[in-house]
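Worksheet for the structure shown next.
As written, the chain order gives the labels A, B, C, D, E, F, G, H, I, J, K and L, with residue 1 at the start of each chain.
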Amino acid sequence: MSVYKVVELVGTSEKSWEDAAKNAIEVAGKTLRNLRIAEITELDCKIEDGKFAAFRTKVKLSFKIEDN
Amino acid sequence: MSVYKVVELVGTSEKSWEDAAKNAIEVAGKTLRNLRIAEITELDCKIEDGKFAAFRTKVKLSFKIEDN
Amino acid sequence: MSVYKVVELVGTSEKSWEDAAKNAIEVAGKTLRNLRIAEITELDCKIEDGKFAAFRTKVKLSFKIEDN
Amino acid sequence: MSVYKVVELVGTSEKSWEDAAKNAIEVAGKTLRNLRIAEITELDCKIEDGKFAAFRTKVKLSFKIEDN
Amino acid sequence: MSVYKVVELVGTSEKSWEDAAKNAIEVAGKTLRNLRIAEITELDCKIEDGKFAAFRTKVKLSFKIEDN
Amino acid sequence: MSVYKVVELVGTSEKSWEDAAKNAIEVAGKTLRNLRIAEITELDCKIEDGKFAAFRTKVKLSFKIEDN
Amino acid sequence: MSVYKVVELVGTSEKSWEDAAKNAIEVAGKTLRNLRIAEITELDCKIEDGKFAAFRTKVKLSFKIEDN
Amino acid sequence: MSVYKVVELVGTSEKSWEDAAKNAIEVAGKTLRNLRIAEITELDCKIEDGKFAAFRTKVKLSFKIEDN
Amino acid sequence: MSVYKVVELVGTSEKSWEDAAKNAIEVAGKTLRNLRIAEITELDCKIEDGKFAAFRTKVKLSFKIEDN
Amino acid sequence: MSVYKVVELVGTSEKSWEDAAKNAIEVAGKTLRNLRIAEITELDCKIEDGKFAAFRTKVKLSFKIEDN
Amino acid sequence: MSVYKVVELVGTSEKSWEDAAKNAIEVAGKTLRNLRIAEITELDCKIEDGKFAAFRTKVKLSFKIEDN
Amino acid sequence: MSVYKVVELVGTSEKSWEDAAKNAIEVAGKTLRNLRIAEITELDCKIEDGKFAAFRTKVKLSFKIEDN
C-alpha cells in the first residue's frame, strides 16, 4: 500500500492568503511528485514599519513516497 | 426561548476561500430559515495532477429551529 | 530587554478576510507604536436576513511597550 | 451493532446555562428517539444594548439511528 | 462549484475500532450519495459490569449536496 | 467598516458561574460602549481552607472601537 | 519547595453544574489536605429514557503532597 | 449524588491498539469497582532497534467513588 | 547531547490502522537510522464509490541526526 | 465580588525563558495593581543571522479591576 | 504486556521551571517504581504582593503497574 | 515572493530546556540557510533508572527555500 510524506511550507504574497498558498504549492510542485492536498494550518500578516507588508499562509502538503 | 441547530458544510471555489464560503452559505440559505452566523473551521486546497485545483472552506452555520 | 503587549482586534469588510485584517491593522496603527506581527485567530461571516453580510477576521497584534 | 448520529444544538435561556441546555434537549427529544448523552461544547452570553440578554449553551447530542 | 455537508456518526463493534468505523460508513452509505472521506474524531470503549463491552469510533463523513 | 476590540475579564460570585459572568459584563459595561458578545473561555472554583469559596468565569468580550 | 498532585473527579447533581462541582470538591475534601483550586475541564448532561437526568462536572483538583 | 474519579493508564500489546486498551481495562478492573467508560487519549508505537515493537493505547477510565 | 529530527508520514492499509502505521514505519526504516517513537496524530478512512477503500494512519517519527 | 482583567505580554531575555517571564511581570507591575498569576502560553526563540538571539515568553497576567 | 499509570504533579521552585520539574520527579521517585517519562503540560509563575514568587511546572509522569 | 520550509527538531541537554533548544538551533544552522524563528512545541524530561536524565525541547524552525 502507498506511503505519503507530509511537509510544512509557508508561502507569502502581497495580494492574498490564497495567492500565498498557491506560491507554496507551486514551489513544492517543482520537486515533489504526486502532491495530494494542502491543509492550511496558520494565517498571519507580516508588518513592517507599523504597516501591512505581506500575507503568509502555512500549508501542510502530502505526497506519495512509496507505492507497492 | 429559541433553540438553534448547527450544521457543517464545505464550499468550494476556484477563486477564493471567501467565494467558497459564500457558495456554502447560499446553498444553505435555499432550505434553512434564519441563518445566523458562519464560523470558519477549516481551509484547504484541492490539488489535481500536482497543481492547485480549488479552494475549500468548511463552515459551521446555525439556524433557528424553535422559537417559543 | 524589550517587553511587548498583545491585543486582539476584529476587523470587518464586505470584500475579503484580507481586507478585514488590514482594517484592523490600520486602526491599531493609529495609536500603537511598533506593531510587529498579526496572527489570525478566527475567521467568520456575518449573516443578515439569511444572506452574507460581511467578512470578519480576528487578529492578535503585538507591539513594544518597553525597551531597556 | 448500533450506529449513532451526533447533532449540535444551541439552547438559550434568560435563567441559566443549565436551563438553556435543558431547552435544547427538550426540543431534540420531540423528534429524536434514544438520545444518549449531551456534551457541552460552548457557553456564551448574548448581550443587547450593552446589557446581558440571554445564556446560550451549545450541546452535542447523540441518538441511535440503526440497531442490528 | 460543489458544496458538501459534514455529518458525524458513531459506529460500534465488538471486534475493533476499524470494524466500528466501517459499520458507520455502511449505514451512512445507505442514504447518502457521494461519500468522500471519513475522519476519525474520537475512539472509546463501552464498559458493562466492569468489563469491556464494545469499541466505538466517532466518524466525520462528508458528502456532496450540490454540484453546479 | 467597523473594528472591534476583544478584552478578557474574570468575574467571581459565591452563587453561580452565571452570576460571575454577569458581574464581569456589568463592570465592562461601565466603561465600554457597544459590547457585543461574551464567550466563556474558562470556569473554575476558588477553594479556601479546603472548602469551596467562589465561582469564577473567564469571559471574552468584544466592543466597537471604530465605525466608518 | 512544595509539590502538588492533581486529581480528576466527576461530580453529579440534579440541580446544576455548580452543585455537581461542589459535590466533587466535598468528596475530595474528606481525604485530601490542602486543596488549592478546581479547574472545570468538562460539562455534560446525563440523559435517561430520552429525558434530562443529571448535570455532570469534571473537575481537576490539586493538593499539596510535599512541603520542604 | 454520585462522584467519580478519573484515572489514566497506558496499555501495551504486540497485536493491536484494541488489545492494548483491553489490557489496561483488565488491569484497572482488578482493583477498581464500577468502571464506566474508557476514552482513548493517545495512540503510539514503541520502536526498538529501528523496528516496530509494540502498540500503546492511553486510556482515561472513570469509576464511582461515592454514591449518596 | 543528541539532536533528533521529526518527520510526518501517512501509511495506508486495507486491513487496519495498525497495519497502516507499520507500513509507514517500515518505509521510514529503510532510510532513517535510529527511529525512536511513532506518535499517531490522525486516523481516517479513504472512501471510493461510496464504500470503504483503505485505512490511513498519520505518524510522527523521530530519529537521531546528531550525537555529540 | 471582585472582577479581574487579563492581559497578555511577551517578555524577552538573552539568558532564559524564566528571565523573560520575570521581565514581563516586572513591566506589568509598574502600572497594574494586584497582579495574581502568570500563565505561560508560548515560548520561542528569536533568531538573527541564523543564530540564537533571544528567548521570548508569552505571559497571561490577571489583575483586580473591581472589588465590591 | 506491561500496563502503565499516568499521574500529574506540580513542582515549584524559586530558581527555574527545570528545577520545579526535577522537584516533582524526585518526590514521585520516592514512592513510584519504574518512572518512564515526564511530559510538561503547563508552566506558570506564582505572584505574591505584585512580585514574582515561584516557578511552577505541571508534569505528567507514567510508571509501570503491571508486567506480565 | 519568498517561500519557507518548516522543520521540527528535538534538542537535548542535561542543563536546561534553553540549552536543549540552542543545541537544536545550532545543528539546524549547520545545513540550513536563513533560519527565521524557533517555536517551542513540547518540553519533556527523559528519566533513566527512576531519575532525571535530560531535558528535551521540541522546536519548529522555518527557513527560506525560495526567494523570487
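As a convention for this text, contacts are C-beta pairs under 8 Å (C-beta built on N, C-alpha and C of every residue); 3 or more make two chains touch, one makes a residue touch a chain.
Values in this document were obtained by computation on a predicted structure and should not be read as measured data.
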| Shortest chain-hopping distance from subunit C out to subunit H | 3
| message | Give me the step distance from subunit D to subunit K, shortest route via touching chains only. | response | 2
| task | State the pair with the higher C-beta contact count; candidates are A-C and A-I. | result | A-C
| query | Of the pairs A-I, A-C or H-I, which has an interface that repeats that of B-E (more than half of the contact pairs shared)? | reply | A-I
| request: Would you mind checking which chain's C-alpha centre is most distant from the centre of subunit B? | output: K
| In whole angstrom, how far does the Cα centroid of subunit G sit from the Cα centroid of subunit I? | 38
| field | Computed distance of Cα centres, subunit E from subunit A, in Å | value | 30
| note | subunit K touches at least 2 other chains through residues 16-17, 43
| field | Complete list of chain pairs which touch one another | value | A-B, A-C, A-I, A-L, B-C, B-D, B-E, C-F, C-J, D-E, D-F, D-G, E-H, E-I, F-G, F-J, G-H, G-K, H-I, H-K, I-L, J-K, J-L, K-L
| So in the complex, which bits of subunit C are touching subunit B? | 16-17, 42-47, 50-52, 55
| query | Which part of subunit I faces subunit H closely enough to touch in the complex? | reply | 16-18, 21-22, 25-26, 29, 32-40, 43, 59
| query | Which residues of subunit I touch subunit A in the complex? | reply | 7-14, 20, 23-24, 27, 54, 58
| request: Over in the complex, which subunit G residues touch subunit K? Could you list them? | output: 1-6, 62, 65-66
